[in-house]
């Protein structure tokens, strides 16, 4: 779901991003674009489940300056995921384990690392690397 | 309708935007992209009615450097619109009123505000705010 | 001279670009930036002669939403330029000749090519290439 | 103060923006750039008072992946500001009044409008326009 | 085929672009986007033949940090192309001739011009313009 | 050192980036900008030692379409660096160790990881994480 916005401020767009995420959007992102009459503008993209479309059409028409919304159905391939736990000097961190057939990827959860980094007053990367070193 | 352009200058792309708008495109916009071999490039996007597709394929192939054009059909939800008139210290301004079910949005027309701002030698925002204050 | 703008619309920024060019700015350009609180924003850059600074500070404070402007002096190396004339099937085109020491560059003037392309209903590139073929 | 970052994730950069704002930076913003070897990257810009420079050099070297920081002194012209209060149907909103010589600009405070919009379950623009209508 | 990436570095993305091109992608490009939590991010887009989809889904899941890939089928109109040869002072350059109905475009091949420019120690534009002057 | 380019193609700019890096520039990067007359354009930035300025002014004037170059002196704080070696299942990887006062950061060298990833046919991230796990 997309809309091109040349008559809404950045301040207002930051507000809308949060509102759409709170309403359950799978993903919300902005792309810088250039529209007619020398206007720097922003494309708002919202990824949602097809069943939620009318709800989000309403939200976009109500909370942005756009007079229209366009949408399309994409297919998706999503990896399976579960979480494991590792212990570091800074505390416990969840490891996100995602799999698709033979493919396996393990990454420390950002939110855990960020929380510990703030509590322990160390750089985020320090916690992230410490967590990664505990991954087998 | 889209094309990625890495072998056309910005000067020439500004020309093409105007040409496509003059030919009746609903919207034309540029997105900065990054292509292979360290090339900064531009994605040209054109929104048109499905019936105009062959006409615009021809225009893009003729007036841009691309050797191919890709296209897709999007669905759209568009608000109803009509115009009202308000009077300000600076002159008369049209208010665009757009509606969709219960949703109603009123915004001063950019073109009117811009014209008055230039005639009266005041900032655009001054006229815009004055118009907004007359909206009930 | 620069200002970061997160509380002005693209529509209004397009208006400001034209206003600053009309006021004699050497160059005006926009850069897409990302500010705090998830705000997509625009950096407005204006290149001017040092003597015009106070005039442009006033214009920016008056016509944009910013509460402050920052500025710096850059040094510049500029090539010498003069114009030559070539005749093509589509009409006469000026060639901009720029030089710096041993370096010489010749390019057909965009404005001439654009005018002829519209008059003769041919692509801009056709006129541009025709002009280039007449350059010795 | 600037650094080009091609070896830090977006997740980590979002964390750093907040950290720098919490440390008292006047402004922090990101610009999308394109570096060698086909790398999409981000330029981090931090505006600070000259006296805070060594503190922020340390923060950037510690919390980002960069191995160097570059900096420059800009001059700035800043408008005077004070706040006024207006009452709307949705509650009380502060109006930021900024002045420079003859120039006066009044804008409703984003934070107030956002808070009321959430409390009253109305669009941000509705509160913003209501506040603007109370500005004399 | 697209994926939004906020947890992979620019360095790693440059590597992935080359890997996807080597695997036979028709085109690969990056778009700067802005994701939640103040994250500057990159959208990776890959254009491929429909038959290659599962192969590229695997490559993206294996070589990027994404946990999901989305895809769609676009229609395309592609011009016919063949090559002609012209001789310049700097050496022989291929001219790409592309046609679609009445439309014909001729452009000097970038790779040839680049090779000659390096061999002869002249600017790329000099070779490019010389080749263009030989095009009838 | 900077130049705004609206009359050079992306193809030609990719060529120039490599040429400037080969000539010894410390860093070269592109920023997408928007210039007058609806032109999407590119700002070319080159970081060099002050002593190399005239050489690079010449290179930019000769190899880009610009008619002028602007430049400024920045101050920089650069971390000390040396390299250590770690052994992984995939081969030997250099670890870049950078220091500034108390601050120490260790990161696996991209080039080593990329080379091993290609030789061993494993994802870059696999080698990178393996190297990181050997860092003490």
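A, B, C, D, E and F are the chain letters, set down in written order, and residue numbers restart from 1 in every chain.
To be clear about the criterion, contacts are C-beta pairs under 8 Å (C-beta built on N, C-alpha and C of every residue); 3 or more make two chains touch, one makes a residue touch a chain.
Please read these numbers as outputs of a predicted model, since none were measured by experiment.
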Quiz prompt | Chains in simultaneous contact with chain D and chain F | solution = A, B, C, E
Self-check item: Result of counting contacting C-beta pairs for B-D and B-C, higher pair
Solution: B-C
Quiz item: Comparing each of C-F, E-F or A-F with D-F, which pair has over half of its contact pairs in common by residue number?
Solution: C-F
Exercise. Using mean C-alpha positions as chain centres, tell me how far chain C is from chain E in Å, no decimals.
Key: 28
Self-check item: Multi-chain contact residues (two or more partners), chain C
Solution: 7, 11, 17, 30-32, 34-38, 40-41, 62, 65, 72, 105, 110, 125
Quiz item: Tell me, which parts of chain F touch chain D in their complex?
Solution: 17, 21, 27-32, 45, 47, 72, 74-79, 81, 98, 100-101, 103, 105, 107, 110
Quiz item: Once bound in the complex, which stretches of chain F touch chain B?
Solution: 5-11, 13-14, 17-18, 30, 32, 35, 37-42, 65
Quiz item: Can you list the residues on chain C that touch chain D in the complex?
Solution: 4, 7, 31-36, 41, 43, 57-58, 61-62, 65, 67-72
Quiz item: What part of chain A is in contact with chain D in the complex they form?
Solution: 11-12, 15-16, 32, 62-63, 65, 110, 114, 117, 123-125, 128
Exercise. In the complex, go through chain C and note every residue touching chain E.
Key: 32, 34, 36-38, 40, 105, 125, 129, 132-133, 135
